[in-house]
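Lettered A, B, C and D in written order, each chain numbered from 1.
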Amino acid sequence: MNKTVDNWEPKIVAFLCNWCSYAGADLAGVSRLQYPPNLRVIRVPCSGRINPLYIVKALQQGVDGVLVSGCHPGDCHYISGNLVARRKFALLKNFLAYLGIEPERVQFSWVSASEGSRFAALIEKVVDEVKELGPAKKLVKKGL
Amino acid sequence: MLQGLIKKEDLKKLIASVKKEGTFYGLIRGSEGLSLSELGPDDEVTLDYSNFKMPPKRQFFPFSEVICTYEDESMTDLPLSEEKAVIFGVRPCDALSLLYLDKIFIDEKFTDPYYRSRRDNSLIISLACREPLKTCFCTSVGASPAGKKGADILAFEVKDSLLFEACSEKGTRFMENYPAIFKKPGKADIKARDEEVSAAEKRVQTIDLSGITEKLQGCFDSPLWEEISQRCLGCGVCTYTCPTCHCFGLYDEKVELKGRRIRVQDSCMFPSFTLEASGHNPRTSNEERMRQRIMHKFRYTVENFEDIFCVGCGRCISNCPVNMDIRETLAEVIK
Amino acid sequence: MANPYFPKLVTIEKITIENEARDLKTFRLAFCNRDDKKSFKYECGQFAMLSVPGAGESPIGIASSPLDEQYLEFTVKCYPTGVVTTALHNLEEGARIGVRGPYGNSFPLKELERKNVLIVGGGFAFTTLRSTIRYMLNEKSRARFENITVIYGARSPGELIYKPELKEWEERDEIEMYVTVDRGDEDWKGREGFVPAVLQEIAPSSENAIVLVCGPPIMLKFTMLPLLDLGFSPDRIITSLERRMSCGIGKCGRCNIGTMYVCKDGPVLSYKQIQELSEEIF
Amino acid sequence: MNNIEIKLKDLVKDLFAGEKIDVLIGYENGSLPLRSRPCFVHSAGEVDRLVWNSYCTNNLAVYLPRIFQRQEHKKEETPPPRVGIIAKGCDARSVVGLLKENQVIKENIIVIGMPCSGMIDPAKVEAALDGAGPYSCQGEVDGSLEVTTSSGEKKRLKREEVTAEACLECSHPLAEGADLQIEGEPKEACDERYEKIREFEAKSTEERWQSFVKEISKCIRCYACRQACPNCYCKICFVDQTKPRWIGASDELSNVMIYHIGRIFHQAGRCVECDACVHACPMDIDLRLFTQKLVKDVKELFDYVPGLSVEELPPLWTFKQDDSQSFITEP
């Protein structure tokens, strides 16, 4: 894999649920916790709102990684949105990896509104792993 | 008419000579089956096949083709292909289909420059058929296993050689360019060829299509269409593998501020083909779409261009997932 | 070899919102290149392909008159599922788009000369009729036509388009205007009722007359019978068709109806020609 | 005519005679060797068209949603038809799926279960004959298929070697839960499955990606896989949506890949491994390699097998508190 590309910084799209993870990201910011600035955050009502096509489409548009984060199981604002989503995510994660897309490109996690430091650590980890992989090439729409 | 005999093994010499000026396309059998591909002098040219899967229209009218690009607010049209190409191994039915496509894409008022430049820069060497398939019916629609229409050169397999026969000025000039490669055929070669041709012609199954256009004029509202179309799944196999189907759409694809406008083949068998932005769709059912496809090929083109837009290659029959057989459909209409 | 798919660049000079629902806008365009302007010669009833880079192309009838030399106008409705129409509606004045055309045949203005002209329009299909009215009312051409009668209807007062022009025409003597809405509101003092009903009520004479009628399929369907009753023979009822199109030059096959391609053999057809087509049109 | 075919015809004749059905979806002889094809029988008089043999590959359940939707296009209102459908194990499981998803009217269908002994895959025969379709077929003799090529050569192909992959690996050859059953001896159920999937899983990421690229590059976007699938009944498929436009129209590889990923993923927990998509594909894309992965995962993760019970909730409509979440990234 292409590990060292000069000055390359990965672009990562993060789908964060409105009630927990987005608030967690907010808290990380308010608490002035340092984490890498590679995220492009998209706020969604619930991790259950994620259509697998959002993830695949993001990869096609050339992002280097996708992160989806919602409330911890049991904490969903809509009771069970994240639990239903969990099944979908488990299958999708396996399926994309099966097709040969590096598993680190698409990651799922839970972050609550009070977990600012967990959010910062999560981003640190995801960005590191994607950096290790180098720029995304698979599934990316061919250049113009 | 210029004739020349070339040993099969000497095809390599021909390919090597052609390569100096352009690309030589021929059939090779690879891991993914038979396909028309760019050949080098070391490639083994396949000659023992009945026909190949994707029709040769793809060489001139690719599935998708960029027709212009844009950046910010300026647009640029794309330069035309100047690649000189020799396409070897097209079957006579498919060669004929190119003449039909010409009628669509090249006309006095508007010409598709991308199609046109590829056509102008190509030479077609068709290879006469020896083993017609179960699905072939070329002789019923004006083509034949040794038909010359659409070919610049028609080649015949004669024992260990190929007999080339120029059918156009372009073909004659091509053969004259390589005097060292072609030998004069003997009487026995010609006789062998004639025997092969008539044997092949006899093997092609025929259907009676007399009066099909007139019949179609009278059966627009017939219940027949519903009956026939029941089984149809509504996929695009028949139209995409048809050598004469040419319907397309123009679409934009954009990445950030840059984009391209693409001409993409489309199929009248898809509901979206006629769906308007307002949501109105003049052809909502499978039945209407099937009728349109048949009417377009066997009636409208006859009235507009005096040709049935079908060459009897049988691809729509052999590839159909539910074995829709256009021969049976036409027989129903005639009945 | 000229690329017939390649659009000419134009600038959007002015955008007018035509209706209350704000989904109808008139775009006034100016060619960026002088030669393009010269070569774009059109007639009433023709259409052009408008293209928004990144979204695609759409066939739209030309709403300005050939005698409006300074500009070119198109009125476009934005549909929720329409990619190009939405993209167009999102643009602002000064933006650049592409135009390709003009395409198709036109209203038979030559045949209309020295005749009474009845114009029946419904909804926003009024655009090419507006082009025709503007043309006929122009001082250079008005004398060539006899009486001009216009019946134009929309769903509600807010949905009537070209309002300032409608008002101006109503005040002129050389044209007879009947504007109607399906349902009025408190401020509406004009006529109420569907176009076919108004047509029957006014009952314009068909003597020495030709009718141009454009509207949604359902209106066309119910307008034909009253027109025939009034004595308009099918060959003197002229309408304009809509179909999905990609190329505009008779190649892509989308607008094919029978042996005809709406883009090059239409969009203007007489009711007689429509009756001869096997496919049901409206 | 074989025994099963006679029984089937008698049964269908009775159904028409008793005015139990308006139409029967079954198989008739195709126009090509080794092909039987779907047919629609509307009266007892037409019943003799029906056949039952080793070439009935199509999944007939695909026609059920259409036959009910068709009504909507008609101008005059007619009551929904009563439909009889001939079903192999896989077709019957598809019908269960459609019932579960409310795509067909339960009271209006009669499923006739067939004892399926596995179907012959014409693509395998073609491959065995170097890519050309057989010119004629003389039938089966002693577990072998006798065919003649277009050059007149006679060939014998072992039945097992040309049996469709889906049939070799079939876990439910009998249409359990069918309304009516034609007696006979179905093929034995296969328990040893997913071997190819496991092999594929064991390959490196790069190897898997290369295989995916290779398979998808063949695609011509004819959508035959979608149209042949009983589960693909969406009125507007995501690829045809304009807002948002999920993928571009061209055959650029990423567009085609997303079409397939989207379609196959949409079958998660619904696919019955009938291989209708595989058989429909004119380019011989090995779709099974991808569809089956999801079937396997759904079984392993959620212990669910589609198409066996109308009542059981589909796996992606529900959850368990203790579903696996080993895939979750922990910082």
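FYI, contacts are C-beta pairs under 8 Å (C-beta built on N, C-alpha and C of every residue); 3 or more make two chains touch, one makes a residue touch a chain.
Only a predicted model underlies this, so the values are computations on that prediction, with no experimental measurement involved.
Peer 1: Counting C-beta pairs in contact, which comes out ahead: A-B or B-D?
Peer 2: So, comparing the two chain pairs, more contacts are at B-D.
Peer 1: Approximately how many whole Å separate the CA-defined centres of chain B and chain D?
Peer 2: Comparing mean C-alpha positions, chain D is 31 Å from chain B.
Peer 1: From the C-alpha centre of chain C to that of chain D, how far is it in Å?
Peer 2: Centres of chain C and chain D (C-alpha means) sit 49 Å apart.
Peer 1: Per the centroid of Cα atoms for each chain, what is the distance between chain A and chain D, given in Å?
Peer 2: Roughly 36 Å, centre to centre.
Peer 1: Among the residues of chain C, pick out those that touch two or more other chains and give their numbers.
Peer 2: 81-83
Peer 1: Give the residues of chain B that touch two or more other chains, as numbers and ranges in rising order.
Peer 2: Those would be 249, 251, 253, 259, 266.
Peer 1: Check each residue of chain D and list the ones that touch at least two other chains.
Peer 2: 248, 252
Peer 1: What are all the touching pairs of chains?
Peer 2: Every touching chain pair, ordered by label, is A-B, A-D, B-C, B-D, C-D.
Peer 1: Given the complex with chain D, which residues does chain B contribute to the contact?
Peer 2: Residues 29, 32-34, 49-50, 53-54, 63-64, 131-135, 230-231, 233-237, 240-241, 249, 251, 253, 262, 264, 266-267, 270-272, 284-285, 317-319, 321-323, 325, 327-328.
Peer 1: In their complex, what parts of chain D are in touch with chain B?
Peer 2: Listed in rising order, the residues of chain D that touch chain B are 30-33, 35, 37-40, 58, 62-63, 70, 73, 130-136, 150-151, 218, 220-224, 226-228, 240, 248-252, 279-280, 282-284.
Peer 1: Sort out for me which residues of chain C touch chain D in the complex.
Peer 2: Where chain C meets chain D, its residues are 80-83, 86.
Peer 1: Considering the complex alone, what residue numbers of chain A touch chain B?
Peer 2: 61-62, 141, 143-144
Peer 1: Within the complex, which stretch of chain D touches chain A?
Peer 2: My answer: residues 200-201, 205-212, 238, 246-248, 252-255, 257-258, 261-262, 264-265, 268, 290, 293-294, 297-298, 301-302, 315-319, 321, 323-325, 327-331.
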